[in-house]
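Input: structures, listed below.
Next, two complexes with chain A in common: one pairs it with chain B, the other with chain C.
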Partner chain A sequence: MKITASKENLLFGVSAVQKAVNAKNTLPILTCIKLEAKGDHLSFTATDLEVGIQCKVPAGVIEEGVCVVPARYFSEIVRKLPDSVITLELIHDGEIIIQYSNSELNLKTMPADEFPQLPVVDGEYKLSIEAGKIKQMVRQTAFACSTDESRPLFTGVLCEIENNEIRMISTDTHRLALKKEYIQNKQKKSFSFIVPAKILTEMARLIQNDEEFCQMNISKNLATFVIENIQIVCRLFDGQFPNYQQVIPSQYTLKVKTKTKLFQEAVERISLFSLDSSSNTIHLKIENNILRLFSQSELGQGYEEIPIAGEGDPVDIAFNYRYLLDVFRVLDEEELTIEFTGPLSPGIIRPVENNNFLYLVLPVRC
Partner chain B sequence: MKITASKENLLFGVSAVQKAVNAKNTLPILTCIKLEAKGDHLSFTATDLEVGIQCKVPAGVIEEGVCVVPARYFSEIVRKLPDSVITLELIHDGEIIIQYSNSELNLKTMPADEFPQLPVVDGEYKLSIEAGKIKQMVRQTAFACSTDESRPLFTGVLCEIENNEIRMISTDTHRLALKKEYIQNKQKKSFSFIVPAKILTEMARLIQNDEEFCQMNISKNLATFVIENIQIVCRLFDGQFPNYQQVIPSQYTLKVKTKTKLFQEAVERISLFSLDSSSNTIHLKIENNILRLFSQSELGQGYEEIPIAGEGDPVDIAFNYRYLLDVFRVLDEEELTIEFTGPLSPGIIRPVENNNFLYLVLPVRC
Partner chain C sequence: MNAFYASVTQVLEPELKGKPLLIAGDPEKRHGIILTASYEAKKRGVKTGMPIWEAKMHCPQAILRPPNFAAFMDFSNRVFAILRDFSPLVEPFSIDEAFVELTGTEKLWGSPLQAAQAIKKRIKEEVGILCSVGIGPSKVVAKMAAGLQKPDGLTLLTEADIPRRLWPLPIGELFGVGKRMEQHLLNMGIRTIGDLAQTPPKLLRQRFGVVGVTLRELARGQDSSPVNPSSLDTVKSVGHQITLPKDYSLLKEIKVVLLELAEAVSRRARLGNYLGKTVSLSVRGSDFSGIHRSLTLKEATAYPSVIYETALKLFQQHWPQELPVRLLGVSLGNLVRAEGQQLSLFEPEPQLYQAIDRIKNKFGEKSLLRGSFLLEEGVFYEAGKKQDVGRSPHYLS
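So, the complex of A and B:
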């Protein structure tokens, strides 16, 4: 293998596949990146056997071939290369020579045939969605997943395709986020699958251009996502996602509207008094067009009022403030509504000018 | 105590004194900030008994008085306050009320009389220096101090005042940095003192305006530094700093000149091959106007050439690459010189267009 490439392209390739490398893997080959020179490009592949990422960048291929380099060192080297044309050459004693100016770095490689092949997915379901839409859907759902690996299903995002709609749903059993978007679904088949949230998050990070399309290819337990020159292959979760529609109340006894920023900043301040307590509780009391927030601990107490608009029965309810703060980070709209059905039922937060997102949060008993 | 102040001013005061608070101190009073309202300002004071910082900000004082608040919570609250006028009021049961809009936060306070007084320094030596000069001197010396608290003297920076010159010297016994500046020294007395590097670094961070002056007041074991509305009081180290002039060679057998950035980037790349080795060694070989850098480990090896200008005996020497990388971060000049006196003597790095700084680094035997 012998190629020339710009530092920029090498860096793009290395950065794209990096998240699929588990530096602490006990199998040394999985701490590596596979480089393959073919045609007019160099492809980078990394996998931890759960997810595989491949990225192709343009390169001047002098001699086609494959080599496997230690990911950490190769990344560090590429990051620090000068902004010039770089030559990579695999020499016969298993070393890759990285050349630039009057200088060269020799890095030991691993046997290329030990590197696992990424599975080829030929799924029943195919779908194409604007990358920008996917990015926003992931941003507004993945955060609500659980991080508890002992209940893996809740570390995934449920994706449902029905007619011309795609929905992403996530929950850690204390709160739930649901985002939907219009898509062109030529197959008119309904289907659903559960993707690990961290893989969706990584995919969203790799989207360079919101106007591109993400091509999805879904089989029973594997999925491929292709965006431009990057391909992600991952395992899907096998299992029954809870019936989330049952949890979302279909009516409410109070619906109020307020400014997102006003509400967010009030929660941020009042929750300071719960910082050291294990309950993380903040009280909300709504009556006469005023939302009162209240919290107390041995340090002192905080009390704040913000104006709201809305009608319905007064409510006195408590939430874990962290679940409220989380949703503010992904809400872009200036105003939101909250629906209540009494102090023991979940609150539902929706942006005012967008019917495509909802966030459900269970109250805390107190 | 009752005052009104802008969020901005409260935040400035809290941030200024923050580094003198040791949140983990076993004496609860030392995890607090003292607020004192007097005349037309509010002063913030914090101390860990090694260093004390005081900062005055403008405030509308309705009732003079003192109170002591927990630093961490008060800082967090101030950071999150709205950008409006804030009222602080100490009420009789030892709580401070923080009021804004229709809201209020009540924070428990500590007894003000338990808060230690900052010592008043009436030193023999007084000095006034442009804050910008001090900032640059600290930047170019403090990094070379030791962080090993078992040899406290080397965690300090030696400040020497002689005629119209101030010198700062720091060393961890493997390398040494020396920076000098012109000052107006009216007293014409020579004196020297050793200040903890972390206090100088904090002082440099607090300098808002390089044109201001830093007023120093130095006694045998205490110093006060005043810059605008901030005052720092700290203990000085007691002890004999090593005779650094003896260590700096007065002549050399080879002096070469090169571009700082070129040298820095080459060291950064070649040192990647020493990342996991304990020696951190990088080899330099200079001959025929070429500087060759070389390093190797079980991962591979790196070799780089950069052009230099200079005359003298060829040299083959090895350094700890970390000590080289450190100095590049504080060198602003485009070109530097390095002086050698053989493979077992220190290398001396100086900026080409500035005679006020030198950096000495001991070689590694190999």
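So, the complex of A and C:
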């Protein structure tokens, strides 16, 4: 194998596959990146057997071939290379020579035939979505997932496709985010699958161009996502996602409308008094078109009033303020509504100008 | 209070006064253990914890009575009310023991000795039972002093009396030293309270850690803990245990009882508005061997499913399969207030039990039972006829 490539392209390839390398893996081959020169490009592949990422970058291929390099050293080297044309050459005794200007580095490689093949997914369901859309969907849902590995299902995002609608749902059982979008879909049959949230987040990060399309290929337990030159293969969660529709109240006893920024800033200020307590509780009291936020701790207390437009019964409720702050980070609309059905029932936050997103948050007992 | 359960029963049934009286559970259900013996029976060698048949051997003419817990509670409350007339700082320690802080009441009641005499007089006249009072510079000394003279005792110990009065006592008599600790200390050659008081603290720290040093301080009469009138207000755990009517060896039978216990424990936790994080299981075998194991959960609960599953897991992990079981107990500890708890989605139990609790509050504990509790092996609700299974853990305060 012998190629020439720019530092920029090498760095792009290395960082694209980085997330699939587990430096602590007990199998040494899985701590490596596979480089393959073919045609007019160099491809980078990494996998931890749960997820595999492959990225192709343009390169001048002088001699086609494959080699496997330790990810940690190789990516460090690439990061520190000067901005010039780099030559990579595999020499016969299992070493790769990295040449730049008048210098060269030699790095030991691993046997290429030991590197696992990424599975080829030929699933029942194929789908194509604008990359920008999927990026936004992931941004507005993945944050609400659980990180508790003892209940793996909740560390994943449920994707449902029905006619021309795709929905992503995530929950950690204390709050739930739901986002829908409209897509071109030729498949009559509706289907759903659960993808690990961290893989979706990584995919969203790797999207360079929102105009591109993300090609999905879903089988029973595997999925591939292809965006431009990047391909991600991952395992899907096996299991039944609980019936989320059942927990979203269809009615409310109070609905209020307020400015997102106003509400967000009030929560940020008042929650300062909850920082130290374990429950992170902030109280909300709504009456006569006034939303009163209140919190207290050993350090002090504070309250703030913001005007709202509301209709319905007064409510006195408490939330974990972190769950409120989380949703402000992904809301782009200027105004939002909150629906309540009592102090022990979930509050539902929706942007006013957009009915494709909802965020449900369960209260804290007060 | 002296022979409290027996004394109360004698007040309620004056014809029993002066006669050997035994308060014991129902031998049919194998609760036939002496809870309290009157002093007349004690003189003939009956001790608390003896089986009825053994007590009868010592004292064949003894009269048996079942415990009347409601009356005991009422008498206890009346005694504590008298104590509160003497000082606002009264710390109930058990149903028949309490600490009273008399510092600062000298102008009102005279010396502690005079106050103690007044207390004894009022309890005797108004409630009708005798008690032993100990006076000391700390809680531990007062408690030990009260034990020196029974019944109807009054003992005052000053700092200077400790070496003469307390140090010659065997080490097992020291407050805070249980059976096991006693054995450990005996093995170290520490036979009396005085021996412990004179052991270098470094040695005790090495052997027992902080507990060792604290015990040595207690042996020297040093106890800095204040009389805390609200020590019982914070409930530490809720639990239930039951002696089975016959030994159970089938897992199928044991499962029913564990579910009953989990159901009762969770109900009591909910009544007190608590959630608990630690599930403990106690098992005693037919040979009186016993284990006590506990497991701490990730999230606090007040519902039977997790409590039952955890108790069952502990049972299967720690109890030898073939050993017949005589007693089972489940408790929920590490309690936190339900207020401030984050609610969760996809958990059917909170809503379900909200409804169940409402029904039980209105129609009684046995208005709604799981089918399996009615099986022959179900015991708890049968035994619960006499005991209030659903009492809030607040009932002591």
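Note that the second predicted complex is superposed on the first by the 366 of 366 C-alpha atoms of A that agree within 3 Å, B and C clash if a C-alpha of one lies under 4 Å from a C-alpha of the other, contacts with A are read in each partner's own complex, and residues count from 1 in each chain.
The rule we apply is simple: contacts are C-beta pairs under 8 Å (C-beta built on N, C-alpha and C of every residue); 3 or more make two chains touch, one makes a residue touch a chain.
These numbers were taken from a predicted model, which means no experiment stands behind them.
Look at A:105: by the touch rule set out above, it reaches chain B but stays clear of chain C. Applying the stated contact rule after C-alpha superposition, one finds that A:95 touches chain B and leaves chain C untouched. Contacts of A:355 after superposition on the shared chain: neither chain B nor chain C is touched. Contacts of A:80 after superposition: chain B is touched, whereas chain C is not reached. When the two complexes are superposed, the chain touching more residues of chain A, out of chain B and chain C, is B. By the touch criterion defined above, A:174 lies against chain C but remains apart from chain B after alignment on the C-alpha atoms of chain A. When the two structures are aligned on the shared chain, A:275 is found in touch with chain B, with no touch to chain C.
Shared-chain residue A:302: touches chain B; no touch with chain C.
When the two structures are aligned on the shared chain, A:265 is found in touch with chain B, with no touch to chain C. Residues of chain A that lie in the contact sets of both chain B and chain C are absent, per the superposition on chain A.
Taken together, the chain B residues at the contact with chain A in this complex read 70, 73, 76-77, 80-82, 95, 101-108, 265-266, 268-270, 272-273, 275, 298-305. Partner chain C is touched in their complex by these residues of chain A: 148, 150, 171, 173-174, 176, 242, 244, 247, 279, 281, 318, 320, 344, 346, 360, 362-366. For chain C in complex with chain A, the residues that touch the partner chain are 298, 338-347.
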